[in-house]
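The following pair of complexes shares a single chain, subunit A, combined with subunit B in the former and subunit C in the latter.
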Partner chain A sequence: MDEFDIGNRKSHIRYFKNILNVLPQRYASLDSQRLVIAQFALGGLSLLEAIDEVKNKQEFINWIYSLQCPSGGFYGSRIMKNLPAHLAKPHIASTFAAVQCLILLGDELDNIHVPELLSWVHSLMNPEDGSFQGAADGSEPTDLRFTYCAAFLTHLFGADAKEFSEDDIDNAVSYIISCQSPDTSFGQVPGSEGHGALTFCALASLKFFGRLHSEHGVLSGRELRRIVRFCVNRQSEGIHGRPHKPDDTCYTFWTCAALKLAQPSIEISEKLDKERVLNFVRSCVDENIGGIKKLNAKNQYADPTHSYFALAGLGLIFNDVIPEYMLKKKYIKRVLRIRNKVKESRLLESNEL
Partner chain B sequence: MLKRHIKNFQIWHHRQVLCEWANDGSREKAMTELIFKQDQKNYHAWQHRQWVVKRFGLFEGEIDFARELLVKDVYNNSAWNHLYFCIQNSTGWSEEIRKSELSFVQEKLEVAIDNECAWNYLRAVQNHILTANPQLADKFVSKLEVIEDRGNSHKHLAAYVADYLAEKTERDSDKESGTKAVQIYTELSSNLDPVRRNYWNYLSSCLSAKI
Partner chain C sequence: MHGRVKVKTSAQKAAEKEAERARKLAEFQKIKKKLYEPSENSTIPTFKQLLESTDSFIPPMSEYLSQSSTLAYYMKDWPILWQLRLTALQRMTSSNQEKTLETLENELELTFNCLVESPKSYSTWAHRRNILKLIRKCDEEKGLEILKTEIGLTEKMLMSRTEDQVENQGRNFHCWDHRRLVLKALPEDVKTEIQLTTKLIQTSFSNFSAWHYRSKLLNLEEEGVVENEMDLVLNAVFTDPSDASSWIYHRHLISNAPCSQDFTRILQDHQESLKELLVLEKEEDNNVSTLRSISLSLLEINSRLKTDNWEEKSKFMLNELIDIDPIRRGYYLSRISKF
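And now, the complex of A and B:
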């Protein structure tokens, strides 16, 4: 792994630790998504090799598990959990965030209600077109980001053919393909403009479903080369998400991860100018409070999303992050071990039955 | 509320649900245009407009709307995407429509040769098979030569020509095209597009290995 240094390491660590304690008032609207914010903060600390700065890991783990819904999935926050029964719904993005946080905190995922979780994920799929909702209340449109969360969860927890059949996979994959835009990148829903983040979600989902670069791969060599070209064209100095849009630090992860997934045999640094990306991210560091801003402008503050994804992107470019898992390499061994452990224990259970 | 929170996913979806319940999308186009005044490329507003147009069959005037936006800002990728979406879902891609869109995009390339959106649109109209229309490709090849003589070229044009020649090389085992493509990739790497020099070098060496 190559090293990267954007300076102010201690202030970024302080920034993420503060996020874990209290959010500034301007983030009040994100209260329902505390788990997602926690993922960004813990993820940021892990990327800075500072996860051990979190001294009360077990307290966090307990808090996360307190947000688990007995019938599967995780609520975004205590407020979401305590809503009246007909409104309180776990959310797939919160569930993804919960699992990521638990992995980062060193938990073995033993207390996840796996069959309930997988059945709940399946229930979020629209059988008509293979898309996924975020929650059972239908409060948001379906979205490729939710497909990505579903793909990650069904892969990690080893959904079997009864829980997520080949037909289900084909259906989900057909939806992903229907989101491909004319320039070969992927949009949020069919017909939408393609961009870097959703292209990542599409390719990572295909990877988890076993439909990328495999015997059953659904994208041709030509299409993948076009996707590589789209991603490579997203660098001005830093990286952006759509043609003729300004650079934005969070796309350091999204677009570069899509690039890596589209062509895994070639290093990202063989395609992009990594020093320019690094310099752009450096220019977006918030000198006052630590963390990273969306872009290099005086009236911008650092925010958890851009702070996390900028670091994740640099980690990826400097060869230490596995794109589809959004995790540093050092966590993958444990993730795969957990995956095998879950598979074995479920096999044992079903044999006993 | 929407104007204060134009990037909130739930509010836009809420609006869609209300349109469904009322079975009425007649006010939505005007509403998205209010948002476009603040932010021409607002992703949610465009998605909402596409949803309304498809759901209520309101394609009339949409192609012209997209084209007008491209007069104001030829680099508006959302407008290019909307143009493609409208044709795809209304007239469809007949031979005649493809020809007229090829003329349209060539016109726009005359205005701004550095417009990635237009180059992407051109490739999309050609189904990304550049060798399917050799006349068009030859036209660009000669354009490249003219610009090169003036000592001035552009990366997107050069990339298009190089890709066409590379495709021709593979299809026809045409060494001459291959050599020319490698030259252009090298020019892209060293001169026209140095940000992506590693990428152009990679393409150049892949192609060299095949010739």
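And now, the complex of A and C:
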């Protein structure tokens, strides 16, 4: 692994630890998605090799499991869980975040209600077009981000043909393709313009569904080369997500991850200028409170999203992060082991019945 | 940037913004308190009561909703809040309560004010669409009328002149996706949509979202389309060669237009014009993006026309690009190696 250093390591660690305790008032609107914020903070700490700064890991693990819905999935926060039944719905992004946090905290995922989770994920799929909702309340339209969360979860927990059939996969894949724009990158919903982050969601989902660079791959060589071109053209100094948009630190991950997935055999640093990206991220460090800003501007503060994704992006460019899992390489062995363990135990269960 | 007004913020403006934020916060705390704690003789249900209400109990919603509009304004990214309001409004609509339509229209205005402040709020856009559906349920004719107005509103929002506007409005995919979703409820009118993209592109070439939409609307197989588009885009790239958006559309056309003798002729014309432009631009400074765009289009034309020695010519251009645009050196090298 190559090393990268954006300076102020201790202040970034302090920043992420503070997030785990309390966020300033301006983040009140994120209250319903506390798990996602926790993922960014724990993820940030792991990228800084500082996850052991979290002294009360078991407390966190307990808190996360307390947000599990008995019929599958995780609520975004305690407030979401305690709403009346018709309003309280687990959310797929919170569930993704919960699983990520548990992995980072060293949990073995033994207490996840796997069959319930998988059938709940399946219930979020719209059979007409293969898209996924975020939650069963229809409060948000379906979009490709939720497909990514669903793909990650069904892959990790080994959904079998009963829970997620080949037809279901084909349906989900057809939705992904319907989000492709004429320049071959992917947008958020059918018709949207191509976007670095959604291109990542599309490619990572296809990878998890076994439809990328495989016998059943759905993207041609030409399309993949064009996606590479799209991603490569997204560097000015740092990276951005769409043509003619300003550089933004979070795209350090999204666009580069899309690039890596489109052409896994090549080092990202062979296609882009990694020093410039590094310098851009450095220029966006928040000297006052630690963390990383979206842009290099005076009236900007660091925020959890950009702090996490900037570091994840650098980790990816410097060869330490696996794009579709959004995790450092060292976690993958354990993730795969957990995956096998879940598969085996479910096979045993079904043999016993 | 070329020909666009840049609005700068001064330190004083920043201080004013901070003071305004503090005032809003204080007001928010006051309203929140009011909503959670019932006051004497109040007919307005508290949040708690609303949460506990069932289908058989429909409190007098209109008062409540106008009271909590300030709250909604400050917490517009909290989907639950929008959902509570939606549940109340759905009940009003189903039970044919008095003043329902008026209340729904007020709600629409509320979301508009929220969007002005926060044009990228997922839940606000979704709530607005839910209200549009309810209005239609309440009064079909009025509902359709309002949908047409809605389309007009999205157009206003997408018209961008300043750099700030292009960033927050013209490229706002929420607004674009909203327009496309609302259009689904109306009879198809591709012509108007194409006209919109023409209008937007002529106002600001760097509206890539408009170019993108255009690329989805047009059928390149249709008679006359390719000629027209190649003309349009050549004009655009010559008017402002530093703008990457029109070049991207140019390359889209070059690679996707169907083969024909006419198209070959057009490509040859473009090739000549671009070669001349490249010579001129090479004499300028600080125009890496322009040189890159011209070269990439020429490369695309080359690989389409496949005239004598096209591979050598392409390799030559790619080598030049390595000098012009060293950031993407690795990418150009890998393209050279493919020959």
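Keep in mind that, in the parts below, the second predicted complex is superposed on the first by the 353 of 353 C-alpha atoms of A that agree within 3 Å, B and C clash if a C-alpha of one lies under 4 Å from a C-alpha of the other, contacts with A are read in each partner's own complex, and residues count from 1 in each chain.
By definition in this document, contacts are C-beta pairs under 8 Å (C-beta built on N, C-alpha and C of every residue); 3 or more make two chains touch, one makes a residue touch a chain.
The structure displayed is predicted, hence computed values, not measured ones.
Asks: So, on subunit A, is it clash or fit between subunit B and subunit C?
Replies: Result for subunit B and subunit C: clash.
Asks: A:H216 in the overlay: touching subunit B, subunit C, both, or neither? Say first, second, both or neither.
Replies: Neither partner.
Asks: Which partner does A:K162 reach: the first (subunit B), the second (subunit C), both, or neither?
Replies: neither
Asks: One more residue to check, A:R337. First (subunit B), second (subunit C), both or neither?
Replies: neither
Asks: Which of the two partners, first being subunit B and second being subunit C, lies in contact with A:P141: first, second, both, or neither?
Replies: In the superposition, A:P141 contacts both subunit B and subunit C.
Asks: Just to be sure I read the superposition right, which of the two partners does A:L87 touch: subunit B = first, subunit C = second, or both, or neither?
Replies: second
Asks: Have a look at where A:G191 lands relative to subunit B and subunit C in the superposition and call it first, second, both or neither.
Replies: Touch partners of A:G191: subunit B and subunit C.
Asks: Tell me which partner A:K329 touches in the superposition: subunit B (first), subunit C (second), both or neither.
Replies: Neither partner.
Asks: Which subunit A residues contact subunit B in one complex and subunit C in the other?
Replies: 29, 139-141, 181-183, 187-189, 191-195, 229, 232-233, 235, 242-245, 266, 269-273, 276
Asks: Residue numbers of subunit A touching subunit C in their complex, please.
Replies: Answer in residue numbers: 25, 28-32, 80, 83-84, 87, 137, 139-141, 181-183, 187-189, 191-195, 228-229, 232-233, 235, 242-246, 266, 269-273, 276, 299.
Asks: Flag every residue of subunit A that touches subunit B in the complex, lowest number first.
Replies: Residues in contact with subunit B: 29, 139-141, 143, 181-184, 187-189, 191-195, 222-223, 226, 229-230, 232-233, 235-236, 242-245, 266, 269-273, 276.
Asks: Within the complex, which stretch of subunit C touches subunit A?
Replies: 9, 14, 25, 51-52, 75-80, 82-84, 87, 122-123, 126, 129, 167, 171, 173, 176-177, 180-181, 206, 208-209, 212-213, 215-216, 243-245, 248, 252, 256, 326-331, 334
Asks: Would you mind writing out the residues of subunit B in touch with subunit A in their complex?
Replies: Where subunit B meets subunit A, its residues are 5, 8-10, 12-14, 16, 41, 43, 46-47, 50, 54, 75-78, 81, 84-85, 88-89, 115-117, 120-121, 123-124, 128, 159, 195-199, 202.
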